[in-house]
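Order of writing sets the chain letters: A, B, C and D. Residues in each chain are counted from 1.
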Amino acid sequence: MIFDAPTIDYAGLSPIIALTAGLVAIVLAAVIDPIKRFGPVLALLAYAVTAGCLIWQWNADVDLVAGALRLDGLAVTLSLLAVVSAAVAVLLAIGDPSETQAGRSDWLALLTGSLLGMVILAQATSMLTFFVGLELLSIPLYALCGTNLRRRESLESGLKYLIVGSVGSATLLYGLAMIYGASGATGFQAIADGLQAGDGMLSDSLTLVGVGLVAVGLAFKVSIAPFHQWTPDVYQGAPTPVTAFMAVATKAAAFAVFIRFFEVALGPIADQWDVLLAALAALSIVVGNVGALAQSSLKRMLGYSGIAQAGYMLAGIVTATQAGVDALVFYLAGYVAMNVAAFAVVVIRERQTGFSDDISSLRGLGRSKPLVAWPLTIAMLALAGLPPTVGFIGKLYLIEALVDDDWTWLAVMIAIGTMISLAYYLRVAATVWMSPADEPEAAAIDTAALPPQIAGAQVDPFDDPHADRRWYLLAPAIIAAAAAVFFGVIPQPLVEFANHAGNALSIWIS
Amino acid sequence: MLSSIIWTPLLFGLIGLLVPKRFAAWVAAFGAVITLGLAIGVLAGFDPDGGMQYVTDVTWIPGLGVDYSLGIDGVSIFLVLLTTVAWIPAICFSAMRGTERPALYYLMLLAGETATLGAFLAQDLLLFVLFFDLMIVPFYFLFGIWGRDRGGENDPEDSPGNGVVTVQSATLKMIVFTLIGSLLMLVGAIAAAVISADGGELTFSMQTIIARGLPDGSQNWIFWFFAAAFLVKMPAFPLHGWMPDSYRAAPLPALAVFSAVLSKVGAYGFLRVVLPMMPDAADLFQTTMLVLAVASILYGSAMAFTKTDLRLVLGFSSVAQLGFITAGIFAFDVTGAEGAVLQMVNHGLVVVPAFLIVAMIAERTGSTELGPMGGLAKKAPVFAVIFLIVSMATLAIPASANFIGEFYILNGLFQVDAAWAIVASIGVALAAFYALRMYQLTMHNPLPEGADSREISLRDALVLIPMVGIIVVLAFCPQLIIHGSEPAVDSAVAVVREVAR
Amino acid sequence: MNIEWFLVLSALLFTVGLIGVIVRRNPVVILLCLELMLSAGALALLAFSRMLGNQDGQVFVLIVLVVAACEVVVGLGLVVAMYRRRLPLDVDEMKELKG
Amino acid sequence: MTATWAWLVLLFPLLGSMTIGLTFRVLPERTAGLVGIAAIVAAFVCGILALIGLQGEPHESRHVASSLWEYASVGGFTIDLGIYVDPLSIFMVLVVTGVSSLIHIYSYSYMKSDQGYHRFFSYLNFFVFSMLVLVLAGNFIMLIVGWALVGFASYALISYWYRRNTATKAGMKAFVINVVGDIGLYIAAILIFKNLGSVDYTAVFEKAPEVFSVNEWEIVAICLCLLVGAFAKSAQMPFHTWLADAMEGPTPVSSLIHAATMVTAGVYLIARCFPLFELAPTAADIAAWVGLATLLIAGTIAIAVTDLKRIIAYSTMSQIGYMFVAVGIGGYSAGMFHLMTHAFFKALLFMAAGSIISAMANMQDIDKMKGFRKAMPFTAAMLIIGALALSGFPGTSGWFSKDEIIDFAHFRGGMYDWMWIGMLIGAFMTAIYSFRIIFRILPGPACKEAEYLEQHGHVIHGEPKNPATGQLEDTEVGYPGEEHHIAEQAGGMKFAMGVLGVLALIGGLVQIPGVSEVITHFLEPTFEDSIYAGMHPSVSQAWTGLAEGALISIAGIATAWLLYIKRPDLPARFRSRFSAVYTLCVNKWYGDQVIDFLIVNPVKAFGRFCNGVFERGVINGATAGVAGITRSAGAAVRDMQSGLLRGYAVLMLFGILAIVVYFLIRSI
């Protein structure tokens, strides 16, 4: 019996191959001492190569690995966003205590592993790769959250994330099983055909319960309302570079599979789940915005704002139209720029003042360090959706997609959510610009103010008074802020970037 | 040509950043003067019956059907001129007084001018909404960074009765109020474009949306979304909650242009967007809007003659004047609408010198509280005469162009129903009371010890004289403005008039 | 035996696992319950695969087992790290992050 | 040609006002005064030339309308900067410029020691300019412009001594009541345009009869609105309270504005719009009845009040009442004639009063004034002439003009006879209060100021006190100067009072019934198409009327002599017996209190309500409420975030159950 090896489309798989090679290189580098210091450079190199492959495959539209993966516009765009955020996370991590304590290359290996999971998830078109991608993405993150061993909260956030994450993925698995039972196939396209040919009552209730459970699993991953409770705690507990990576990259990958699964696999029964998703979106807009009002820790506030922004983005899927997907991807790209700028400044201020990520660390920033103050202000204005920034165009795109598909009430919900969000975003801008810096700038770190140390550990290398002059911290902030304004004034390139993702699904949705 | 008018101020603001601290002010002033020059160039080549002129139309976001289209016609030309004229004294006044962090201050002030000019010139609905939002951002920073906390015991300037105002809470309330309105307007604008396209090619250009027309059902709620944004901006009676605090906390030169010009964008929005695009809804809600307008007149005047802080007296007098303008617009009569446009220009011209005079008074008496003030005219006859002309123009004394504006508004209101005109004319009597009270309590009556009544300095006089000069020249021939804007205003109101009849 | 019984069993397993996560305070036991929930999913997959006659389900179960193992490894790793830092191994004590 | 002269009449006062205003630092005081006088005299000369030009025209086309440019025009509503010259307006121009040039000469020396000298003359010239705009206006909008500028000038001059609280309050009251009057004119102008399509006099007066039928509600409404403006400006009944307080201004101001020119604007308005009023007889009758009521009430108050300038002010109000009755019942030329003669003797009375007040070091209370006969012979003589003319003593101008009105009322007969009787009573009262002044001030032993004046030959130097409140005042800018000047020692004052004295005496000869009816003939072209044109009492009726008038004035003077010279105790006894009536009159029939109660206090209460209750409660309450709700919701979400892992898992369980149940329901 002739056994012919399966044809491997290397071009299509090139991003994954490049990333895996990078992962292996980083792990090996840990062994060879001299190269140890070059960990971050190695990681960045790997990401650059992956990004190169993705751009090289820009117009690819091909099924890989017998229908398990699919490299198309949607996958390429969202993977690019994930790679960019991973690169930023690496930059922000240089000199971060969690990285030094956990050993630089191990930290980077976990990060790259999680990135690999995201790239796979973005391309997943079958239940198997969907589940594997999701787990490969989440498990390294659980570990990453706990890397700052010296701080009790980091461990706590890691464990919390793990337990609640596993409950989420277990529910997801159970849902996938149900759908598998109802449609009889694992590939998304096959599921869609199976559902259309679905017969009798059994498959109907079975599918719907399955869809519900999968929706829960994904909702958890993207931190949508009733399943959002882990987000603020984990964002605050985890080391800031990890939080930055988690806030942005996970959403990109999770929304990729959310779109693909719901638009492609569950396309035929769209009228069943769109009302549910709309309700979830509305709920998370309210909970996210209102929750952020009463926060004093920046990371926790950005966590709540992430919940609210996820609500806005979920509205993109509700319409089940190409315009909706374009709007979502556009908003996601903007979201990356805004959050990177914000988190970069939080990292800088965390290291300079003793207040860790408390809002009072920003007092008088506008007067003393305008170069740091402006990116944060632009990020806040963008998140609030004010005109000259990409946030405004993103909201505009979303509202237009919604009103076009006559979901006007959801558009009004987005408007109301933005109104509430003004209060806390502009409060940050107000603290930066309008309040006097009441204590000397380079405050000596009074250890009492630090979160409780674990007995016996030496003091963290946390105090770096010149953090705002570190190029690797300042560059991401300034570039991201500049992008937020640039795409706000000239949004056309970003619109084409988003349309590329939308056209990829043109077969399934109008 | 219009793009150059819009972006020159911002350009000079940015240049100001690079120039050493001392020259920032004069670079800004130079930029404002150039913008005025460009605006006058446009006025020179402007033909009143030519409809939309100097049209520039560049596609900006083809994906969303949004294009960067500008145009100027009778309704907007004089408001553009008002903007360019109003900014110069504000900049010169703050240049003379010197501010901390001047480069940033003038950048924000000029960015405000750019956004306002953009709002007046935008012919694309979404561009209008964008500039409408963009207007408030620079003023948020201007009021926030250079404003001061007011009230309470640590502020000698303020009377305890007025309550404590912190800059952060005042500016936050202002921007949240304004943006609630403009976010609703964003949804309304998109809905208007999408519904009017109904399957066809989606575009935001005002002309096409007006041509395509909107079905009655959706017109009603879209009307209220737009009306909310404009009424908050004016501010009109029920939605003026943000005005007292932010007026007390704001720095006066910035407040002068804010109150003079930004409130006009609201009224202009009604004429440019709401009336032509939603005629049926406008006709349906005419009575409600007239009730709101007249309520603003009476409430604004009542507050103006009870408040003891000069800033609030001027603020509430603007509420009353804007009430008149809205009443004029919603009378759907060409005399009413033309009176409203004329009144918009006049009110702008009067409010800028008024606020600068309040600033000068505050320097002389140490506070803007009317209670302990008086007798400033003793050694300052020129200052007293300038303030007299400004306050007489505020109460629209019949020799001034304000009178012609208000008279035409009353005439327009009369066509709707005599009762409206009579109630609005109570506002005229109250205006006489509060304007004169403002003038008397500061200039006349015995001079208290704390205050010193020194004459206006030559530099301050040079800032005020041009504006007061324009008021006097317009008093002799308001026809200059009426002739230029009548055809455009008539066409703006014609659509609604047909529906109303 | 038709499919319903298997589904009932997997549903039972799932709910027991979920209740276990809610009730128990020791993180190791919680990890155990998580395993239970994952196995419920695996059971359902196997049942459907046998009903439908194709093997996709079974392939999926193999992957699920691998993934479940990875999760437990990381979970236990975290628990050991907390134990070595002498932090109380009690889920209710972990409320440093709140608000 | 007449049009150019008319424009020049307007131009000179404006130029005068501007030059004095702008060069106040450079121009020395004396020249400023001279420039002011020159401007008004030049206007008077141009008025004469315009008169000559006009008389040259043939009888029926004796009116000229000319306009400079189109002031404003929107959709058919065109207003042009136009004037309308005809006998009526020229008559008013001459009266206004004539009397005000004399007053300028008077105040040239009266105001010498005041620090705001330039400001005074600039405002005075501006006032004359705005009065001329009002009189020469060619359309209703220019009338409104003139109307309001006159109001502003009167405000500026009332609160001329602006650092006196009482003066500024009086100024505010005058200005606000004036604006209320203006609003009446606004609405009238709007109504006129709505019905007749134009606001120009010529067009309006031609089209009115075709469009309106007699007593149609539209035309009555227009006339009533015009009357609101007239009553406010001429201080008639409902709007009269500001005139008494307007005495806060300097005496030349009172004599110019509150005697001769501004208060007569209402009379001119009714005379000018006679075609409208003839179409609305009810409105004309209302004007007459209000005139009569004001006439009688003002008369009673004048008898009771003790402040010298306020007595004359109330007498002005009652004389204007006469004029309103005259134009109300159609005796236009009689009304205008009385307007002219009243201007002469009332200005004279105020000037004399001014001279006495400065002698009394700014004290205006007649109880303290005694025996000025010897100390100030010239002022005493002028005072007597003025009083004689005012009370209509036979031979004086007042006799001819007042009795012409009374005869006309009697001639009209019917209901107007009641007015005839009322006016007779009024004439009697006028005689009493005018000679009350004479008999209280001039005869008898000299009071200490008069005595001081006799011995030292110059005015006593009392420290300056505010007449109304009695507080001490300094003499800086915005306060009256240390002392003013009496006629005996100031040439300007003497000349002005002399001329007016002569005019007051011989002014009546112009209109002797049957002999020289110059005024009626002169005004005829204006009123030729009025329904009352031909009707006036026969010569014999006129002379019998004059005889009755003479009898009444002599009786009045006799009673005054009886009350204040022969039996000085009588007024005290009357006061005690009719104390109720007396207190009513002394408190000016509680006019101020009524207006405050009806209008001022409710408006202030509305203001306090808005400021206190509404603003804090509703507006701030609403914003604080919304902010509070969102903040408490925020706190709720934060508290829900308990940090307990098991809590999260519970919420996830509920979430899963909710979704599953939702789908189960949907799938059934």
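Before moving on, here are some points about what is shown:
As a working rule, a contact is a pair of C-beta atoms (placed from the backbone, for glycine too) under 8 Å apart; a residue touches a chain by one contact, two chains touch by 3 or more.
None of these values were measured; they are calculated from a predicted model.
Set against one another, A-C and C-D show the most C-beta pairs in contact at A-C.
With centres defined by CA atoms alone, the chain at the far end from chain A is D.
Put simply, the chain closest to the centre of the protein, by Cα centroids, is B.
The centroid of the Cα atoms in chain A and the matching centroid in chain C are 25 Å apart.
For the pair chain C and chain D, the distance between mean C-alpha positions equals 97 Å. Here the spacing of chain B and chain C, counted between their Cα centres, is 64 Å. Between the Cα centres of chain A and chain D there is a gap of 79 Å. Touching of two or more other chains is recorded for residues 159-160, 163, 167, 171, 232-233, 294-295, 423 of chain A. In chain B, no residue reaches two or more other chains under the touch definition. For chain C, the set of residues touching two or more other chains reads 18, 21, 91, 94, 96-99. Every pair of chains in contact is given here: A-B, A-C, A-D, B-D, C-D.
Residues of chain C touching chain D in their complex: 18, 21-23, 25, 91-92, 94-99. Residue ranges of chain D in contact with chain B, taken from their complex: 21, 24, 69-75, 77, 79, 119, 141, 144-145, 147-149, 152, 155, 159, 162-163, 165, 168, 171-172, 175-176, 179-180, 182-183, 186-187, 189-191, 193-194, 476-478, 603-604, 606-608, 610-611, 614-615, 619-620, 622-623.
Those residues of chain D whose C-beta lies close enough to touch chain A in the complex are 627, 630-631, 633-638, 640-641, 643, 645, 647-649, 651-652, 654-656, 658-660, 662-664, 666-668. Of all residues in chain B, only 173, 177, 238, 240-242, 244, 299, 302-303, 305-307, 333-335, 338-339, 375, 377-379, 381, 385, 392, 395, 397-399, 403-404, 407-408, 410-411, 414-415, 421-422, 425, 428-430, 432-433, 436-437, 440, 443-447, 477-479, 482, 486, 490 touch chain D in the complex they form. By the touch rule above, chain A contacts chain C in their complex via residues 127-128, 131-132, 135, 139, 142-143, 146, 149, 152-153, 155-160, 162-163, 166-167, 169-171, 173-174, 176-178, 180-181, 184-186, 232-234, 236-237, 294-295, 300, 451-452, 454-455.
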